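Both of the next two complexes hold chain A, though its partner changes from chain B to chain C.
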Partner chain A sequence: MLVIGGLLLLCVIAMALAAELITPISPTRMSMRTRFSPPGSPLHPLGSDAIGRDVLSRLVHGARVSLRIGTFVVLAAGVAGTAIGALAGYFRALDGPLMRTMDALMAFPAILLAIAIAAALGPSEVNVVIALSAVYAPRTARVVRAQVLVLRDAEYVQAARVAGAGDAFILRRHILPNCTAPLIVQLTFVFAYAVLAEAVLSFLGVGPPPPTPTWGNMIADGRNFIREAPWITMMPGIAISITVLGLNLLGDGLRDVLDPRMQVAQA
Partner chain B sequence: MAGYIAWRLVSAVPVILLVTLISFSIMSLVPGDPAAIIAGATATDAEIADLRVALGLDRPFLTRLVHWYGDLLSGDLGRSILLQRPVAEAIAERLPVTLALGAYALVLTLVFGVGLGVVAAVRQNTWVDQICMTVAVLGVSIPNLWLALLFVFLFAVTLGWFPTGGYVPFGEDAVGALVALTLPAISLALMQVGLLARMTRSAMLEVLRQDFVRTARAKGLPGWFVVLRHALGNALIPLVTVMGIILSLMISGTVVIESVFSLPGMGRLIVNAIQRRDYPVIQGGLMLIATALVLVNLVVDLLYAWLDPRVRYAD
Partner chain C sequence: MSDAPLLVARGLTRHFTVRRHPFARASGVVRAVDNVDLTIAPGETLGLVGESGCGKSTVARLIVRLIAPTGGTLLFDGEDLLALSGQALRRRRADIQMVFQDPAGALDPRHTAEEIVTEPLEIHAIGTRTTRRERAEELFARVGLRPEHLRRYPHEFSGGQRQRLGIARALALKPRLIVCDEAVSALDVSVQAQVVNLFKQLQRELGLAYLFIAHDLSVVRHLSDRVAVMYLGEVVETASADALFASPHHPYTQSLLSAVPRHVPGGRPRIVLAGEVPNPLAPPPGCRFHTRCPLAFGRCRVEAPASVDLGGGHSAACHLVTKGAPAPSLRRTDHA
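So, the complex of A and B:
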């Protein structure tokens, strides 16, 4: 699982990095004479869309946007989730207020809250990252907190405390390093959710605005021509599925390697 | 048990209060003057000023919040700017569609999710297990939005077996209603089927390893009876806890699926409101959904504690 997932993800990353090498055509260049070219055309190997833009070019440039959004969401949700989870787990006085706030944020269906936040802030890539980070940071905080709660009372932590170590030192040196395994697994799944969510947000018009080549925008563009030109919708869907499948397999594999007892009950 | 129930009820109160506060504050995230943005570029100053009063934006945040809570207590969710009618009324009108779609998808989720998980666990490490788990991981990886469009292309446009969208009320034509909801329900269920199948499998494997299962087999009970009665009965208990997650995922899903299949449900109402910045509907819709989910999770927790007494004493 680990290997297959890693390979799938590497393919997507390579595709994103080598976008210009794969096709020299600009993802936003229109050409009315070659609209709706089917896949296999000499100019457009994966076809062209309703205004003659190259599907392959939009696909590989869309990979960049998806991976960029995923990376920044993982970083932001990871940092914020770790900080909140560590504080709530370590300091009993903070646990109630912090975790009840996280519970309230998690009470909203994830995608629905992300749509509402992104729409309020205005459609842009940065706002998609902010919305998804706000949605997935609480879920990350819960994972970190659970781990910190266990470690806080571990004997080696008590020993460090008796030896005169301060709270900040114990957290940084003894507790957080032991949270990395569940955190890495959790963030792999957060990356997968972010890629799926980008598609929904763009599809509903609250993601990076057109003509930005994103997979969600491509699905939205192709939707009205699904009869005449199904490839416009099919290609980005396959790309999303491969990326998310790769991340899910990677997450499952990492979980089995890092901690076989850990359960995922995150959504 | 009474102590546990009381503790769970009390701890839900601050969460519900925070949920209503977050729902209300969404409009404050709009940069600049929300009234000007909601009214659009072509609005005159007088229209913007009217809208500001209608939204209560001429008053300070705290005053508005207190008013909102007061209205909530009397069952008033405000008035939609777009539909020119009470939010509660608009939601009540759309709710049956979403409930019908959700119930259909939930049945599919439980039957196929639990089914795939049980079969995979009983046939652990065989090709049957591998097929079930491949279906499950694909289920959580394929975007439901895309799957829905794929279904429309294959089964509605190309083969003509199902309508491409639209809603038929159950009262008028029960069979037609089921047919019209079949593609949406399958697209909506897939992700939760995958999730539940994976969880059922690991819960079943856990139980199948235990002594009482071996005892049941040893005393000569038929294999299927042991699997269904002894193993599944116990494996279902931890699965109760994921019902909240499954419902939450399904509500996120209805937002998308109702848009793809043009179903006049609550999800589409909220998406339209979000796209056209009808904030009273957004605030009321988010608040209702999140509060309902908090209550569902509360019931799930109490049910779990009732089924498994160890939980009550852990906290």
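So, the complex of A and C:
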């Protein structure tokens, strides 16, 4: 599971990094003479869309956007979620106020909240990152808080306190490092959701604005021609599926590998 | 051993308030530790015994200041520990260290043995990386670990080695008192003996004082100079180890000691107590032990017994105990 997921994800990353090598055609270059070329055409291996743009080129350049947004969402949601979760779990007085706020954010369906925030901020890549980070930070905070609640009573934390360690030292040296396993698993899933949600936001027109090649934009562009030229929507759809599947497999695999009970079995 | 005491606890009390939900009024108070008096001299071992849930571990956590008492005083070397805070408290913490029950749980799985042992030095900003490593090697030698173990992680050690590692960490700051909370209970019997002997050896070499908490009476007897017996948050009897095991006075101590397995066939019969330890949320009035005491009579149900000084540092809190008289016998049941 870990290996398959990792390989799928590596393929997507390689595709995004090597976009120019895979196809020299610009993702925004139009060509009215070769509109609706089916996959397998000499010029367009994966076909072309309604205004003659190359589907392969848009696909590999779209992968860059998806992975970039996913990465920044993971970073932002990871940092914010870890900070909030650690504070809430460690300092009991902050637990109520912080986690009730997180619960309020989580009460909205994830995608609805993302749409609302992205629509309010306006369509741009940065705003998509902000919207998705706001959606996934509370979910990360909850995971981190649960872990911190367990760790703060660990005997090695008490031992550090008996030796005279302060809260900052204990958080930095003992609690946060021992949160990394569940955090990595959670952030893998956040990455998957972010890729999916970015496509949804783009499709609905609140993502990066149209000429930008994103998978969501491609599906939105192709949806009127789904009967005549299904490849325009199918190709980005497959790309999204593979990426999300790869990330989910990776997350599940990591969860099994990093499970503390598994570590005991290995030790 | 009897100059100025190292640690004096007077009326040490810790109550936990129980609430059904955060906004509820307190629905009860658990008197985990109630009015406990303890004295430990420099270089002395005080054993603390009692059933599970009697408050032994809470006493340990109070003395190392992991939790704050709700009442009483705690003097270390004549200085009021409870008045300390901030830097002064941090400095004083070096004098009182702790060894924990679960050798695996007390070591951070992500830190190497060297990081674990030198952490207290790092916290107190003592020495450089090099001198800390030297100190770690020295501590390792002292507790019987090999220097090449420094780079290992806790899961690569056996249970006994982990506990040695925990002891090395406790020694890092050159403490004068080590609180051992069930420090050998989680170990195999053979390993237990080795660790107990290590404790004795360290005491000889470093002049350490121990508060040794255990439920295994034979270990306590082997290690302790004096022993205090706790029941339901209170100390019911204190005596030198020899006096306590030879002539226990409090009925609870007598029944507790009768539970120690003996090698003599047909030795003294066990005294089996009826019932269970009462709910600490609602401790019985009068003497807390009266609900299970075979000798309880009317006065025990209404009046808490004061501690009776039996001379020679022996004292017991029971209405039936008087100085100079033999201990109340649980063999006779005409009192009940």
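Convention: the second predicted complex is superposed on the first by the 259 of 267 C-alpha atoms of A that agree within 3 Å, B and C clash if a C-alpha of one lies under 4 Å from a C-alpha of the other, contacts with A are read in each partner's own complex, and residues count from 1 in each chain.
We adopt the following convention: contacts are C-beta pairs under 8 Å (C-beta built on N, C-alpha and C of every residue); 3 or more make two chains touch, one makes a residue touch a chain.
The model shown is predicted, which means the values in this text are computed figures rather than measured ones.
K.L.:
Clash or fit: chain B against chain C, after overlaying the two structures on chain A?
P.N.:
Verdict on chain A: chain B and chain C fit.
K.L.:
For A:Asn224, is the partner it touches chain B (first), chain C (second), both, or none of the two (neither)?
P.N.:
Touch status of A:Asn224: no partner.
K.L.:
Now for A:Ile117: first (chain B), second (chain C), both, or neither, which partner does it touch?
P.N.:
Only chain B is touched by A:Ile117; chain C is not.
K.L.:
Who does A:Pro109 touch here: chain B (first), chain C (second), both, or neither?
P.N.:
first
K.L.:
Please work out whether A:Ala163 is in contact with chain B alone, chain C alone, both, or neither, and reply first, second, both or neither.
P.N.:
In the superposed model, A:Ala163 contacts chain C only, not chain B.
K.L.:
Hey, in the superposed model, what angle do you get at chain A between chain B and chain C, Cα centres, nearest 10 degrees?
P.N.:
In the superposed arrangement it comes to 90 degrees.
K.L.:
Output check: A:Thr71 vs chain B and chain C. Expected answer is one of first, second, both, neither. What do you get?
P.N.:
Neither partner.
K.L.:
Per the overlay, which chain contacts more chain A residues, chain B or chain C?
P.N.:
Of the two chains, more chain A residues are contacted by B.
K.L.:
With the two complexes superposed on chain A, say which partner A:Ala192 touches: chain B (first), chain C (second), both, or neither.
P.N.:
first
K.L.:
What's the minimum Cα gap, in whole angstrom, linking chain B and chain C in the superposed view?
P.N.:
So the smallest C-alpha gap separating chain B from chain C comes to 6 Å.
K.L.:
Can you give me the overlap between the chain B contact set and the chain C contact set on chain A?
P.N.:
Looking at chain A, the two contact sets intersect at 263, 267.
K.L.:
Which residues of chain C touch chain A in the complex?
P.N.:
Contacts found on chain C: 22, 64-66, 89-91, 93-94, 96-98, 100-102, 105-110, 116, 119-120, 123-124, 155-156, 166, 169, 172-173.
K.L.:
Please name which positions on chain B make contact with chain A in the complex.
P.N.:
Residues in contact with chain A: 11, 14-15, 18-19, 21-22, 26-27, 29-31, 137-138, 140-143, 145-147, 149-150, 152-153, 157, 195, 199, 202, 241-242, 245, 248-249, 251-253, 255-256, 259-260, 270-271, 274-275, 277, 282, 286, 289-291, 293-294, 297.
K.L.:
Under the definition above, what is the set of chain A residues touching chain B in their complex?
P.N.:
Contacts found on chain A: 100-101, 103-105, 107-113, 115-117, 119-122, 192, 196, 199-200, 203-206, 219, 223, 226-227, 230, 233-234, 236-237, 240-241, 244-245, 248-249, 252, 263, 265-267.
K.L.:
Where on chain A is chain C touching in the complex?
P.N.:
96, 154-156, 158-165, 169, 173-174, 177-178, 263-264, 267
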